[in-house]
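When the chains are written out, they are named A, B, C, D and E in that same order, and each has its own residue count from 1.
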Amino acid sequence: MRITERVRGILDWYESDNPGTKANLARILGQGELGGTGKLVILPVDQGFEHGPARSFAANPAGYDPRYHFELAIEAGLSAYAAPLGMIEAAAATYAGVIPTILKMNSSNSLSTIKDQAVTASVSDALRLGCSAIGFTIYPGSEYCFAQLEELRELATQAKSAGLAVVVWSYPRGPLLDKAGETAVDICAYAAHMAALAGAHIIKVKPPTAHLSLEAARKVYLEQNIDISTARARYAHIVQSCFAGRRLVVFSGGESRDLPGLLEEVRAIRDGGGTGCIIGRNTFQRPKAEALEMLRQIIAILKGGV
Amino acid sequence: MRITERVRGILDWYESDNPGTKANLARILGQGELGGTGKLVILPVDQGFEHGPARSFAANPAGYDPRYHFELAIEAGLSAYAAPLGMIEAAAATYAGVIPTILKMNSSNSLSTIKDQAVTASVSDALRLGCSAIGFTIYPGSEYCFAQLEELRELATQAKSAGLAVVVWSYPRGPLLDKAGETAVDICAYAAHMAALAGAHIIKVKPPTAHLSLEAARKVYLEQNIDISTARARYAHIVQSCFAGRRLVVFSGGESRDLPGLLEEVRAIRDGGGTGCIIGRNTFQRPKAEALEMLRQIIAILKGGV
Amino acid sequence: MRITERVRGILDWYESDNPGTKANLARILGQGELGGTGKLVILPVDQGFEHGPARSFAANPAGYDPRYHFELAIEAGLSAYAAPLGMIEAAAATYAGVIPTILKMNSSNSLSTIKDQAVTASVSDALRLGCSAIGFTIYPGSEYCFAQLEELRELATQAKSAGLAVVVWSYPRGPLLDKAGETAVDICAYAAHMAALAGAHIIKVKPPTAHLSLEAARKVYLEQNIDISTARARYAHIVQSCFAGRRLVVFSGGESRDLPGLLEEVRAIRDGGGTGCIIGRNTFQRPKAEALEMLRQIIAILKGGV
Amino acid sequence: MRITERVRGILDWYESDNPGTKANLARILGQGELGGTGKLVILPVDQGFEHGPARSFAANPAGYDPRYHFELAIEAGLSAYAAPLGMIEAAAATYAGVIPTILKMNSSNSLSTIKDQAVTASVSDALRLGCSAIGFTIYPGSEYCFAQLEELRELATQAKSAGLAVVVWSYPRGPLLDKAGETAVDICAYAAHMAALAGAHIIKVKPPTAHLSLEAARKVYLEQNIDISTARARYAHIVQSCFAGRRLVVFSGGESRDLPGLLEEVRAIRDGGGTGCIIGRNTFQRPKAEALEMLRQIIAILKGGV
Amino acid sequence: MRITERVRGILDWYESDNPGTKANLARILGQGELGGTGKLVILPVDQGFEHGPARSFAANPAGYDPRYHFELAIEAGLSAYAAPLGMIEAAAATYAGVIPTILKMNSSNSLSTIKDQAVTASVSDALRLGCSAIGFTIYPGSEYCFAQLEELRELATQAKSAGLAVVVWSYPRGPLLDKAGETAVDICAYAAHMAALAGAHIIKVKPPTAHLSLEAARKVYLEQNIDISTARARYAHIVQSCFAGRRLVVFSGGESRDLPGLLEEVRAIRDGGGTGCIIGRNTFQRPKAEALEMLRQIIAILKGGV
């Protein structure tokens, strides 16, 4: 594992954490093609809970097998693999030590009519399965957000004291937010900041649009001339909102479904100072060779290539 | 107990489990007429809670006595017997070690107006009663599903660390699902997949119909040409949805009340790669000799007979 | 204490219980005039919570004093005395070891508008007060029933592991049940069966009427020709619904307020195979001499007299 | 401390309690001018929570200082001082051992729209502050009453096992009770009886009026000719409702604001067999000298004077 | 650290606390420019949760970095720095021992539609991060207030037994209060008093206006001639409402946005006997030099200057 100067600098951001947590962050930062660069690409496979098996895996049936995703992440040289309990249990021993895993602690599903998630795993599960981190989703703006933040506190306290890292998916939704509001740049920045305040080591948000949602915020963005005109500027604003760049921030692939558009987003993330991508369906729903080629290009961009 | 190559292969699917849990899975897979084949027939008697004593046992009054069901399961050479606390307590000492038992942890009842279940037993009950597994029902789609998944997490974590196996009954219902939706093949597959993601060792769902319920799912089934035209294809799809067949999946007898129809279903389960049946009322509500003969035929089919 | 063959046989029904719980059941079965017969008469005094002090005790003011009820139960040679925390605390030391006590764990009251009960005692209270059993009421059909069953599970698990017995009062009520439904024979049988499934050692239900309440059940009672034409037949049906008679089942005195009617009910309980009576207001609201005479007659009937 | 025959007799009522709790009851019964008589006058200062500081203390600003109330209770020779956490913390060390204190565990406030109380202290607070008892309010009839009784059970169990006494304020209110009903004699008696059943050592209710509120109770009061015609008779009925006088029962000052009326009430409490008074605003809102003189007269009456 | 006579006198107010808590109060009272004077200026930075990052930090982008606020508080010679978990974690090691920190345990946010807060930190977090105190917000009048008071009890009990101090932000809101009511002097006094009763060591309220909100309180203010005509008189009334001045009380800067108005408020706080200020946005949203100059003037006034 390459503990470069860059990685050492990043670990210094997490000055309150115990050596166990730092070691797990180092494992993720040292893994794969991006090892040592301070950049990350993470493979998340929680689509089965969110959308069901056919909508997740029928396009590329190899994905029905939990071992496929471990192999995809390893072959592509990714930084970590994130999934719910059953998916990790099904292959954690086979790939023990080969790639860091993030146990996704809570999940929603398409059959539910409630804007909450169920906590389906525990920190002791993460430990017995050899995971490096726990993952947790909050819905800022939802009427369940306070309860979710309290569940996160409980799990994060346990995880940190057990030497695990904490990854927070922060997805705004709720009565005050329309569809456009959920990815508005002020809301994305707010959601990322909340995750940071709640003690996340790695923060995951969606790519921000140029829309401004909260009236009170819009005024400030205009008065202070905050640049949100380009994707790069917006990513930079999100990164700044995470303790002036002193937290790792990864982004999902966004709406662009074609490869050039996706790579363009990755360039903007990199140029805005973002840590990298967390990219699921866009990879495991393609044939493996195609997915590997796409991930190779993403990694090359994050490494500084064109 | 016959630990065959087939059973050893199945135990390998559960690579994250401790030897205690593997031993209990081995006990169930090694029991009775199907011992060593990797196939299962389980007798569940939770009808008393669900429908009351007369609707459950008056047709065959021998069933009022908890000892009857142990004896039926043993004489028929079944794989395991599942029942609520009181039913197990009443005869667990008499039949200790003779047949693996599954303590059903939660139950509903016909007097209730709430689509939830009460948790009426604990993992420590399962241990003091010598059970091999706990059983738990979830209602994907119900407004109680997140709470049920969290109860399951709690109980499953305890059970696994105590070396017990976890059997999940996954019965979709709730505001988004009409009657046809509850057994639609996309919903059955989703329900089975959720149970797998939640960490179940053995999954129980109802036989899937050719109906498709979720609009978003229907599109994918058509686009991807997923074969759901025959019962066998549908069972195969459910099995695939459980980690590409790397989880044990059993099915209830379905709606067909006549024996030929039931046996036809069993052939389809077998041919679709399903693990077997969990069959209650259809057995204990018949005279014992008749029930034994029916179970003999089911077992013969699962063993590969016509 | 007389441990007769009959009592030994009854204790064998409870084959999963530890010696502590068996000893406490033996204490209750060995106590008083019915000691050794396998029959029981229990004095319950939870009227103070349910109806207030004046409605409970003004008819016979001696009953305001908690010591009175201990003395009544002892002088009458009853099997056990059941009451809420305060009533037991007030005299448990004076009568320590003289008669088995059942600590009633939950209670409702006439000022409440909610069909639930408050849990007002704990298993550690039962232990420090030297009780032989805990008592708990469930309301099958109530919207609180699942929560009550879960409270019962918690308390019963603690009680059993501490060597106490568990007595369950099962009183159906709720949105699906009208007044007649609450004592309909199908509902009484269902309620008694649920208590058995939940792990009760002694079950208390109200005397069943010939009414049938649930449509789905009525069909079965008619099809299967279940005899509910006489009180004796109905008691026998309830007893059968409690694991084919392998659980102790006691009944309250019913609606009949005159002595001959009450004694007639006791004969039917005996002839139907019931364990006996739990009889409160009918005793402690009469002058002591009258109550003792009445209890003498009840005991004589349960012993097999006319 | 004078442990008189009278006090010894009262302690015998509490035969289930450990020596620690008996010692604390003895401390309260042995304290001050009434020490050894079996009578009590308690100073409660929870008005700050209930009505705010100005409405509580502006009439006599010395009362803003928590030390004032300790001094008032000590100088007047009262039996104990009851107050919420902050008030006790602010002076408990200064007056350690000088007067028994009762830590009021729960409180409501005038800004709330909910008929419940917040539990603002714990038994461990009572222990570290050297208190002799905990105080707890229940609202029989409120939709929160079951929850309050369960909180009381939890706290009382802890308190008793730690050798503390338990004082219960029982204030009926809720959907079934109009204003007159809250102090109706049948309701007061019921409320006092519930506190006794819940395990209270000392019970506090409001002075009962001659009103009867519950229809079912009214019938019994008339049939049984229960005397509620005089204040004395009503107090005697409340005392009887507390285990035939075998629990300590104290009353608040009632509605009468003038001194003669108040003293008349005290005479009726004494003559009805009540234990004494719990009297707050009527004392600390007067100038100290005036309050001391009033308390002197109350004590003289409780001692048997005119 | 200067433990002056003044500080020693203040510590004596907290006579029930253990030496650990007294030491932490002493650390705060001994810190910075006001060390030893018994006055306090605290920097709170919980704006990120309440209003989001841009509205909090865009005016002075240096504030995006958590280290900035530590440095501002240290350079200005303030008494303590208060912030949520993430903000403290991000720099606690760098500034360990340099300035006392207060871990803000709960927070709300502008995306929420619920008048509650989420508890996002624990006492064990406060201990591992070397904090001197926990901070907690209650909303007296809110339908969540009882639950908040109970959360506070839990956290405060843990904090005190671990030797930490407890700071309570008491912000009235809820169905009975209109906008003017939230800062009415009777409501502010009530809110401050509740915090004192709940066991706070340091109380934070908003500057009170001359408005009176509760009808029942208004009557008393008029009858008792309570002086609320000047800011100074109102501050004095709040201080009196906190145990006659025996609790530390700090105020936010109020509505006045211009410096002279703000300094005028500080003079009134000082003259009314208040402990000082807790002042956030007014400082960290200005350029650092400007903020330092403003804080220099505030400190000078609190020290007794003009």
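Note that a contact is a pair of C-beta atoms (placed from the backbone, for glycine too) under 8 Å apart; a residue touches a chain by one contact, two chains touch by 3 or more.
These numbers come from a predicted model, not from an experiment.
Between chain C and chain E, the least number of touching-chain steps is 2. Rounded to the nearest 5, the angle that brings the Cα atoms of chain A onto chain D is 145°. Look at the contact of chain A with chain E and you find different residues on each copy: under half of the numbers used there are shared. Computed from the mean C-alpha positions, the centre of chain D lies at a distance of 36 Å from the centre of chain E.
Averaging Cα coordinates per chain places chain B and chain D 58 Å apart.
Counting partners per residue, chain A has no residue that reaches two or more other chains.
Taken in ring order from chain D, whose neighbour in the chosen direction is chain E, the chains follow as D, E, A, B, C. Partner chain B is touched in their complex by these residues of chain C: 13-17, 140-141, 143, 145-147, 149-150, 152-153, 157, 161, 172, 174-177, 186-187, 189-190, 193-194, 196-200, 214, 216-217, 220-221, 224, 226, 237, 240-241, 243-244, 246. Contacts from chain D toward chain E in the complex involve residues 48-49, 51-55, 58-59, 61, 64-66, 84-94, 107, 109-114, 116-122, 124-125, 128-129.
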